[in-house]
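Two complexes come next, and they have one chain in common, chain A, joined by chain B in the first and chain C in the second.
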Partner chain A sequence: MREKIIEVMGEIAEAGGLKLVAPLLDETVLLESGLDSLGFAVLVTRLEEDLGYDPFTLMEEPVYPRTLGDFVAIYERYRLPR
Partner chain B sequence: MSNRILYTKPSITELEVRYATDAAANGWGDHCYDYINRFEAAFRQHLGVQYAIATSSCTGALHMGMAALGIGPGDEVILADTNWIATASPIVHLGAKPVFVDILEDSWCLDPALVEAAITPKTKAIVAVHLYGNLCDMDALLAIGEKYGVPVIEDAAEAIGSVYHGKRAGSMGKFGAFSFHGTKTITTGEGGIFVTNDAELYEQVLTLSNHGRARGQTTQFWPDMVGFKYKMSNLQAAIGCAQMERIDELIGQKRRIFSYYREQLCHLPGVSMNPEPDGTANGYWMPTVVFAPETGIRREDIQSAFAAETIDARVFFWPLSSLPFFGEACLDSTNSQSIPGRAINLPSYHDLTASDLERVCDVVKQLVSQSRLKQADAGEGDVPLALNIQDEISIRNGQGRVLGRLRRITAVDLTDSALISALTAWRNSNQRFFLTQFQATESRTANWLRDSVVMDNSRAMYLIQDNSNVNVGHLGILHLDSDTPELDNMIRGVSDGDPKIMYWAEIALVNSLLVARGAAKVCLHVLSNNWIPIGIHQLIGFETAEKLSVSKKNLEGEIHYLIDSDEGEPQKFKCLRMVLSRSKFRHFLSSNTTWD
Partner chain C sequence: MRNFLSLLEKQDQKRIALISPSGHHRLAELMTRAHERRSNALVGVRHAVVRNSAIDQFIVDLLAFDGFLKAFLLQPRSENIFSDWEGFAGSTYGTPLCSGEMTSWVMGTSGTTGTPKLIPHNLASLTATTKTDLAIGARHHWGLLYDPARFAGLQVLLQALISGAVLVAPEIEQGLDSALDFMAEHGVTSLSATPSYWRKILMSPAVDSLKLTQLTLGGEIADQAILSALRRAFPEGRIVHIYASTEAGVGFSVGDDKAGFPFDYLADGGLKGVQLRVRDDGHLLIRKIHNSGPSFNGEFFDTEDIVEVKADRVHFLGRASGTINVGGNKVTPETVEAILCSHPSVVAARVFRKPNSLMGNLVVAEVQISASASTEITVNALNEFCRAHLERWQCPASIRVVEHIGLAASGKLSRTVNHG
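Right after this comes the complex of A and B.
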């Protein structure tokens, strides 16, 4: 999941002419990652298309990721059963 | 060519036709007063008064009432300078002098302070005209009348359906007079009625109304005094009886029409309409738009604009003091002179359709829009907002470096097709985070921008521009007229500029609202799955005050997320109401010296 997310982030950054910080670590603060808010909106949409779910829509009690590690964990937690 | 929209006409159903036919066929001989008696009784009951005399016109009712009060040569009667001449002519016919005083700017009715100032030993009456259904300040006028021993007459010709703290217009003064002209809320073709709770006055008017023949006079064709012939016919009363059976429906339709106008037009900058103060109900006989002087919109412009759309619009009453034959100017006639030059009565007949109303509103919106464009072209800036919101706000990062600016969208932007196109595309790409989800089109965006942004005095929308003046997104504010403005419509459209420009833009706007303008707090509503802006809001200090349930409903192909509703399919995510107080934001500013 982590690799998938970083891969899509890279594609979005490249398409938008943005520069991601390197390396992207679990501790990397999303706001400092190099993606802007449009990039994150596209990221959520792309992941929903690829993975088939948007965890933020499935949450009864909203949780907000601060770091890349938080973000990955949220996607792991709501991963759809295969 | 669109159909012509009349400014008014009566609502006539099969019931009116049936009663009128019956009166024509049978209402003679012993039955020649049946419908008149029935009509008077129904009106007495509706108004809550003891006595009523149906007349041939409201003017006739006023004439007889004033005559019965003994008004005559050498006397003075105070009335508003803004009136139809029908209120003044009976005074002149009786040999008395009409004394015109100015109207209030908001109610367009008598200014009580000026009424009191105009009282002299010659004053014999005050005529309170409830203009267009708007109510006079009856408490003040009745108190003045009592203080000086002067009766207050209510000319309620236009005020069917208006209620003043539980009392119907026309029922509070020494006597009241109503009109049933074909343009009025209820009609008898032509016609009127005199109403009073004063038994003695009633007897006098009853005698006057019948060529001076007193009720107890037993000698046939023997007048007791010189009277008038202002009687309503039985045929007219038959139509009136049917109208009285429908009176609640007819008043309700008038209020429905005004409600539509109010919703569409009252928020437009520089536009005011008929007021409805607390504790009152306005019958809204004649919905009226008054444009503020700074709009530069003149009566002639309005008439031309309506005529071009084949819509009838009626001018606001000219000040009576301007009529040459009255010969004497009204003292201090600021409002009565000024308002007619920038006002118009809107069409308001009962059966106006929604599309007719929309056509009328479009003309008014177009006038306002053109006015704002003219002002912008003339370099006069936009019409000032109620709360003096800034047109431009710098966006700086935590070290003070300028990243761009917030530039308020104004009327000049309405013709920027590239901007409309960009806003439409941004709306479509972010629609998953909107409560209403639909495929935006450029025309829908343009209409929304005109009606809900540029012309809404309580709202502002800013473009977020980078240092190269590229529009990278937008951010709006609602409820500027409250002490808790609401952030709204935060969208990043393109990736130009600083990656964190949205964050700094929000800080700049919140700072402008809370610190520069002194709002107590700022709030916003956001869907809880929209975690990206929520993260920004939380960083700045916004806290979740409420979590509101969300349900999903498909309406005519559009997805509507309903808040706290029993309808629709329940969703797991919520709608958050987030709030940021000034003190919390100040704390954020002081404790975040190394934000960047």
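Right after this comes the complex of A and C.
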């Protein structure tokens, strides 16, 4: 999941002419990762296409992730049953 | 109605009125500079422009020009509306005010078409809902996140100065995190922002150091998710979402932590100074009500916002024009469709809004491609094509190839949200 998210982040950064910080760690603050808020919005849409769900619409109480680790954890938590 | 300068004369002149990167500014300093500005002001339409280059000078100019010139232009930093100003103002504006007149504060509004219109306001209309209790104001430090030459920013500036609060104005161009740090450092208690901006604020680590007691949302539809998230982040804060019509010069606020507004607001007398109607087609109409009697009331103005009444609540559905708001940037679907359709492999395109939990909205597209084109190659090519021809926020976050693009019974393209 983590690899998948970082891979899509890379694609979006490249497409948007943005530069991701290296290395991307669990503690990396999302807003300092190199993607801007538009980039994150696109990320959520791309992941929904690839994974089949958008965890932010599945939550009863919205959570706004701060770090990459938070973000990955949210996707893990709402992972679709196989 | 007195002018801006005289409104502030009764306040403690020694108080700090402004904290900006250039330092702390006492009210007395700003007032003195405004008087000097008046005596040195060059009269004429070319000079009747208040530019947002430094916030202290901006305030000094407002204080100097209101009650002094017939009209002046508020020129935002990022958009040049000055070129329209001379034509708009003609030869009479920018000249000294006659007694009994009010100065026009002329501002650009980015209308639904994206073409700015110049609209004259005045101090009375701009401060119709401004709180003036100095005892309450003294407890507040207002943070300024927006260009004060635009409606939202100007409202914050006027509220802070007139209520005797401190205006804290960081350098926004250095990024949100550093702006929020500056605000926390200088004790900001009150902050006003769009829902999209609030989502960004909640994602910033700097939010933890902010001690907000008054949170205002405006400029976009405030959905339940952002209202609830703000309530969790600031359990003690007063959270209010504002609905304002720049064109009608009025608005109202809702403070019960729920999206939309109470059905009661639609009743006559449901709101002070404002009357609302929902037209048969769902358009929200608004007009200004005067205390002086019904004959002074304004015309109903079409806000072009579509609402829906559900039980005892009125909810906002979006803009009638179909303009898509991506993080504060307006995208017209027609523009993006036109670009997609200009690609040789595309037969038809449909662009619509996709609600996004982080951004409010994104733009997505469906395309119908020619029989000879391959799906995968075309989608990649179209993504690149859009990036070359459109701004980043206009580019569809996803492009899907479909069998055919459906039309509504009217023969028009239907842009309702897809269910794919």
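In this text, the second predicted complex is superposed on the first by the 82 of 82 C-alpha atoms of A that agree within 3 Å, B and C clash if a C-alpha of one lies under 4 Å from a C-alpha of the other, contacts with A are read in each partner's own complex, and residues count from 1 in each chain.
Simple rule for what comes next: a residue touches a chain if its C-beta (ideal position, glycine included) is under 8 Å from a C-beta of that chain, and two chains touch if they have at least 3 such contacts.
Note that the structure is predicted; figures quoted are calculated from it, not measured.
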Superposed partners chain B and chain C on chain A - clash or fit: clash
Chain B versus chain C as contact partner of A:L31, first or second or both or neither: both
First, second, both or neither for A:V21, with chain B first and chain C second: neither
Partner chain(s) touched by A:F56 [first = chain B, second = chain C, both, neither]: both
Which superposed partner A:R46 touches (first chain B, second chain C, both, neither): second
Which superposed partner A:Y64 touches (first chain B, second chain C, both, neither): both
4-12, 220-228 or 400-408: stretch of chain C that collides with chain B: 220-228
Footprint overlap on chain A, comparing chain B with chain C: 16, 30-31, 37-38, 40-41, 44-45, 54, 56-57, 62, 64-66
Residue numbers on chain A that touch chain C, as the complex places them: 15-16, 29-32, 37-38, 40-42, 44-46, 49, 54, 56-57, 61-62, 64-66
In the complex, chain A residues that touch chain B: 16-18, 30-31, 34-41, 44-45, 54, 56-60, 62, 64-66
Residues of chain B touching chain A in the complex: 429-430, 432, 473, 492-495, 499-503, 528-536, 538-539, 571-574, 576
For the chain C and chain A complex, residues of the former touching the latter: 176-177, 196, 199-200, 202-205, 225-226, 228-229, 232, 326-327, 354, 356-359, 362, 364, 383, 387, 392-393, 397-398
